[in-house]
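Paired with chain B in one complex and with chain C in the other, chain A is shared by the two complexes that follow.
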Partner chain A sequence: MQVTRRQFFKICAAGVGSSSLVALGFAPGEALAEVREFKLARTTETRNTCPYCSVGCGILIYSLGDQAKNAHAEVMHIEGDPDHPVNRGTLCPKGAGLLDFVHSPNRLKRPEYRAPGSKEWQPISWDEAYTRIAKLMKEDRDKNFIAKNDKGETVNRWVSTGMLAASASSNETGYLTQKIARSLGMLAFDNQARV
Partner chain B sequence: MALQSLDIKARSATTTQPPSARNPVHVAKLIDISKCIGCKACQAACMEWNDLRDEVGTNVGIYDNPRDLSDQSWTVMRFSEVEVEQGRLEWLIRKDGCMHCEDPGCLKACPSPGAIVQYANGIVDFHEEHCIGCGYCLTGCPFNIPRISKKDSKAYKCTLCSDRVAVGLEPACIKTCPTGALVFGSKEDMIHHAEGRIADLKERGYAKAALYNPQGVGGTHVMYVLQHGDQPELYANLPKDPSISPLVSLWKGVTKPLMSLGIGLAVFAGLFHYVTAGPKEVEEEETD
Partner chain C sequence: MTNHWVDIKNTDLVLIMGGNAAEAHPCGFKWVTEAKAHRKARLIVVDPRFTRSAAVSDYYAPIRAGSDIAFLGGVINYLLSHDRIHHEYVKNYTDFSFLVKDEFAFNDGIYSGYNPEKRSYDKSTWGYQIGKDGYVVTDPTLQNPRCVYQLMKAHYSRYTPDMVSSICGTPKDAFLKVCELIAETSAANKTMTILYALGWTQHSQGSQMIRTGAMVQLLLGNIGVAGGGMNALRGHSNIQGLTDLGLLSNLLPGYMTLPGDAEQDYKTYVEKRASKPLRPGQMSYWQNYNKFFVSNMKAWWGDAATAQNNWCYDWLPKLDKGYDLLQVFENMNQGKVNGYICQGFNPLASAPCKVKVSGSLAKLKFLVIVDPLATETSEFWQNHGEYNDVDPAKIQTEVFRLPSTCFAEEDGSLVNSGRWLQWHWKAAEPPGDAKGDQEIMAGIFLKIRDLYKKDGGAFPDPILNLTWKHKQPDAPSPEELAKEFSGKALGDVTDPKDKTQVLVKAGDQLNGFPELRDDGSTSCGCWIFAGSWSEKGNLMARRDNSDPFGIGQTLNWAYAWPANRRVLYNRASCDPAGKPYDPSRMLIAWNAEAGKWGGSDIPDFKPDSPPEDGMNPFIMNPEGVARFFAIDKMAEGPFPEHYEPMESPLAVNPMHPKNDKAKSNPAARVFKDDWSSFGTPDRFPYVGTTYRLTEHFHYWTKHVRINAILQPEQFVEIGEELAKEKGIKAGDHVRVKSKRGFIVAVAVVTKRVRTLDVAGKKVHTVGVPIHWGFMGVAKNGYITNTLTPFVGDANTQTPEFKAFLVNIEKV
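What follows is the complex of A and B.
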């Protein structure tokens, strides 16, 4: 490498200049330390009840977007509802992991039917499922309904079919479920809370 | 300069004074080990909030799952079965994770400017985009907390949910804890809360119940209520008197200036040689 006298002075000047700038505090690339952006800032918050056990904890479901017409909502975070009297914001490990339950590939999203003796589950529509349940209920009730007992007293019992209801229902849903089951004369009536 | 959502108190490998006029509240997480049932809701909530998913491991006959902290697991429950006295077994469950030291060894050891910062509220945060993956923070940490990711060779650990705290929320683990073993608030309030718990534990026969807020690291922003405050090592080897490894002060205190001097001398020697002896002339040869 050949350096002329002139070039040598230039190199020295540049070196002294840049090192002085750094010493004066004009160092390049001073990046800011910013915390991770709060990811729920403009998400949509939806209240719901945890689907797992009978405790029925309140949850807040956060989904992408502000519900604008063209924004497709996607559940991206779930945490406890601080305003819910049952859990006041807390959740157990299963509840805290609900996001993966929502997005699980194994999650059942539609009714399925397995014919007696068959090994195969086949998907059916909600209409088909409700029609089939109603039909079987009516068939069984018509056959086995007990209007009067041996003494001739009116009892209106239907003991050959039972109902298992959800525990995550609200008071109002629970009241209606009870009314429907009892008005049919159903006695075997239980709740997932006792499972 | 942008106004950050949290003021910075200290920044790794930086000597300039950060802005420090404002007086924010010092925050703290209090872990009451006597109330913890080891349900791991905090682990699940931590992974969920921070978008982490650890590998599903294998059962090795103990409750610890995952076995250890990792880039995907910033907090783990450590289960210790301890016979505190003859015939009296106790199951001590400690939520392990970053202690957010007031005098953070990781930050002191870090050579990369801005990779580790301490906010004025006490939270110590890693900024992985500045991390060079050298692993010095592992040496600097008295609690063996940071983990280098195999995916990107950068160090990760609990952030005390600085993104939640910055907008006024509690960390994800605190919110989810079903037994109330985890509480969060100002450090002052947390010490007060702990005093109440310790008085209660003493009444119940734990005469040595105490708050774990080790002064060797200037106190911590994650504190424990220990039933056996005189023996923190019972709780999966929680260090009794944690302090920053002397290697860190050796590196930052003695070695670094010596090395800088060495570099300066080398440059000066080169320049001196260039001026006195001139450049090394190589005979031009056709090499094609």
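What follows is the complex of A and C.
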């Protein structure tokens, strides 16, 4: 019996025995005789897009847990999406390492604050951070907002606070960010495309 | 990209120049391999380095960094002087026959209207002759010396093979070989694709390099056809989308633009952008500008945007100048900026001249970092030894560092280089207390809004009235936001030809931008994305990869802007009578029986306009045709001209040896204090150029264990000749210096970077990969942009990272 790798996973999910020997290169036909379940079969598969370059490769993220409300999903494998018309299941050396990006020790986990002149970070709650940032922004805007220029023309701009938007955030984040920035009158505003 | 990744398989010839797709876009590059294997396509690579793209090419030509306009200008000269152009295409679909104003002139490298003090042009002479009927005057015989064809021919006749070889350092025979290969695609059934990336954009004349490439493609009839096009391989997964959404200083969504101070009158603002056709029978699609604009204002300000208040026109900030990244850091350095927010952006590493950027950040009162990773910018104030030698006690900036989600922890859409909006799904919760970017933006905004509600303050109206109809106000959902930018009917949208016919009923999602109205009855946050979420659902999430025509169009996979079109300008793939130039790669064709255009793609054209009506393919231009002569659209002139990089290894521009004003880009903006930060070849004799490695992505993957293992340590690449001259062996530590600072790295001595003969002297190149810094799991290194100059392209202000001057010494 010949099965493709994807069919093989389906067979595994249906409860027919299988083996990690597959990972060592044995053909599925032989592996069907084994009893241990391939661990990817018990994961949740989520379709996503590689966040690095602009090819936009389709990826499959495998996470432990069945998406039950109290189960904490843990990403444990990422590979190319074979259905994707551009990458057809392949990934480059960057995309193939995405799992280590998700789990990088340098992922930020909680809001932090560095006081003027300080040598260290200190924790801050989200609410405190939002409150303090909003206060600083409003103070600066109220002080430096330019409603009219020297010629008396209406210009309604705020250029003493600026923002750089991301390069890999979603359109939905970008749209919201654009809308907020312009409502504040912000012009000192760019994204990674500038460089 | 005018085309898209899979479409590369339809080409006959690939030119990679100003990019290195094999290493920087490996999974897209597979379509080059596909074209080579299955169409016998050939690959040419023109690059200062023998890259991995070059390693699998059919022909490689070396070039000095920053001299691409000279090379491509030489190609234009070759095509025109050997008559290897697509005659029917250029005659009908370009401005070849258009007459240019008599006052327009070009003298020794400088166009008419130059002001050397302001380093800018009065462009009033850079235009067409307009007849009494209001249309451009043309000469279809192409004999008039003022027609674009004749002016262009004269302009590029100076770019002889000898001149090209002298400026570029490309051996003459290699240059001519490339010309011959390119010229073959002037046949109607042959095409070439140009793939480029930051290797073209990151120059003080980068926009004009890209224009010159586009001119070559137009001469050959390679724009708008399957397997052709000008294909920008963008550097990040969604800078295409963020640009489409207008997140740049001067933009509104969908490439609409913010008004300048002088544009006080709303009607004048719109009229200037809604250009009337400049030739009879042309579409000039931007005539619909007001529909896009009003719908955008309705999306942002809802009921507050009314005809009476010009749809809140005055609420938009007006520009007295551009506030691009370089301008903002200049202002910051002058103490004029108090607060700054970096959302997934690491300017300390990404912006040029680290010493200036670092000093500028230290003048801020507050800095807010929103990022999934601990970036260098977030610790610009922290002493990291030799890599960031600052004294925290002297830096008074308050810094907030807010943890955000990464791709795996959110739903949403990204736009790839091929303009596909692809939806992705959340796979896990973020670590610790990290939150999504939308929640963070909402968190800050709602606090500000509350303060304005409670205490009042400077012009609160646009803040208090900003539409915010989210089920969870503190966590706007991606679905809600996507529907908002895609657009909906606020009132019934009726057929303009028959008002009794309701096309979309009030409250429904729109099907596309043809349904937008300028009477306030539609709302759409980004007109080019209109229809991506219609009543049919989220079209960005579609996953049908079927390819019925076999040329890789997959129209039911995701959603491409605009209108799900996969190849832009596709009307130009047919002759004037509407027949495909190459039926085996048909995109669209005129179907006389049905009275409409159709095929494997969505027509980029008025779908029912018969060929005999004479509407031309470039519907976004008021001319209806593509422009060789850029009229007033470019900062430095209507025809691209070679200028030296701001830091050049040469004493003069070989094109204009006696005119110092024309040495480097005459319209490049240089801040007063930065002139002294430019180096000269007596102290910094070598050309520095920065680039990516295939094992790393930008400044992110040094945080990623597997990539840190693959390429753990910072290095620079030099050629064997320079290594010998400087006594440097492979593995030695070297110091690379520019006028702005130095880095220390391991030397890789390689045949892949060669010494070139340029204008009678030997020019060595030092290659500097960008990926290291003082945060991450890779070995710490110096920030490469310590070396780079604080100057950008005259049009885009994209920094000149690809050509600058350095010196090198063994440590």
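We adopt the following convention: the second predicted complex is superposed on the first by the 117 of 195 C-alpha atoms of A that agree within 3 Å, B and C clash if a C-alpha of one lies under 4 Å from a C-alpha of the other, contacts with A are read in each partner's own complex, and residues count from 1 in each chain.
The rule is short, and it goes like this: a residue touches a chain if its C-beta (ideal position, glycine included) is under 8 Å from a C-beta of that chain, and two chains touch if they have at least 3 such contacts.
Just so you know, these numbers come straight off a predicted model, no measurement behind them.
Novice: In the superposed arrangement, does A:74 touch chain B (first), chain C (second), both or neither?
Specialist: In the superposition, A:74 contacts chain C only.
Novice: Figure out whether A:91 sits in contact with chain B (first) or chain C (second), or with both, or with neither.
Specialist: both
Novice: Given the superposition on chain A, which partner contacts more residues in chain A: chain B or chain C?
Specialist: Chain A has more residues touched by C than by the other partner.
Novice: Just checking: does A:106 make contact with chain B only, chain C only, both, or neither of them? Give me first, second, both or neither.
Specialist: A:106 contacts chain C only, not chain B.
Novice: Of the two partner chains, chain B (first) and chain C (second), which one does A:39 touch, if any: first, second, both, or neither?
Specialist: A:39 contacts chain B only, not chain C.
Novice: Output the chain A positions appearing in both contact lists, the one against chain B and the one against chain C.
Specialist: Dual-contact residues (chain A): 78, 80, 87, 90-97, 100.
Novice: How about chain A: which of its residues touch chain C in the complex?
Specialist: 44, 46-58, 61, 63, 72-75, 78, 80, 83-88, 90-98, 100-102, 104-119, 121, 124, 126, 129-138, 140-142, 144-145, 147, 149, 151, 153-195
Novice: If we count contacts the way the header does, which residues on chain B are in touch with chain A in the complex?
Specialist: It is residues 1-2, 4-6, 8, 11, 16, 39-45, 47-49, 53, 113-114, 117, 119, 125, 127, 129-130, 159, 162-164, 166-167, 172, 175-178, 180, 279 of chain B that touch chain A.
Novice: Write out the stretch or stretches of chain A touching chain B in their complex.
Specialist: So the residues of chain A in touch with chain B come to 1-3, 25, 30-39, 41, 77-80, 82, 87, 89-97, 99-100.
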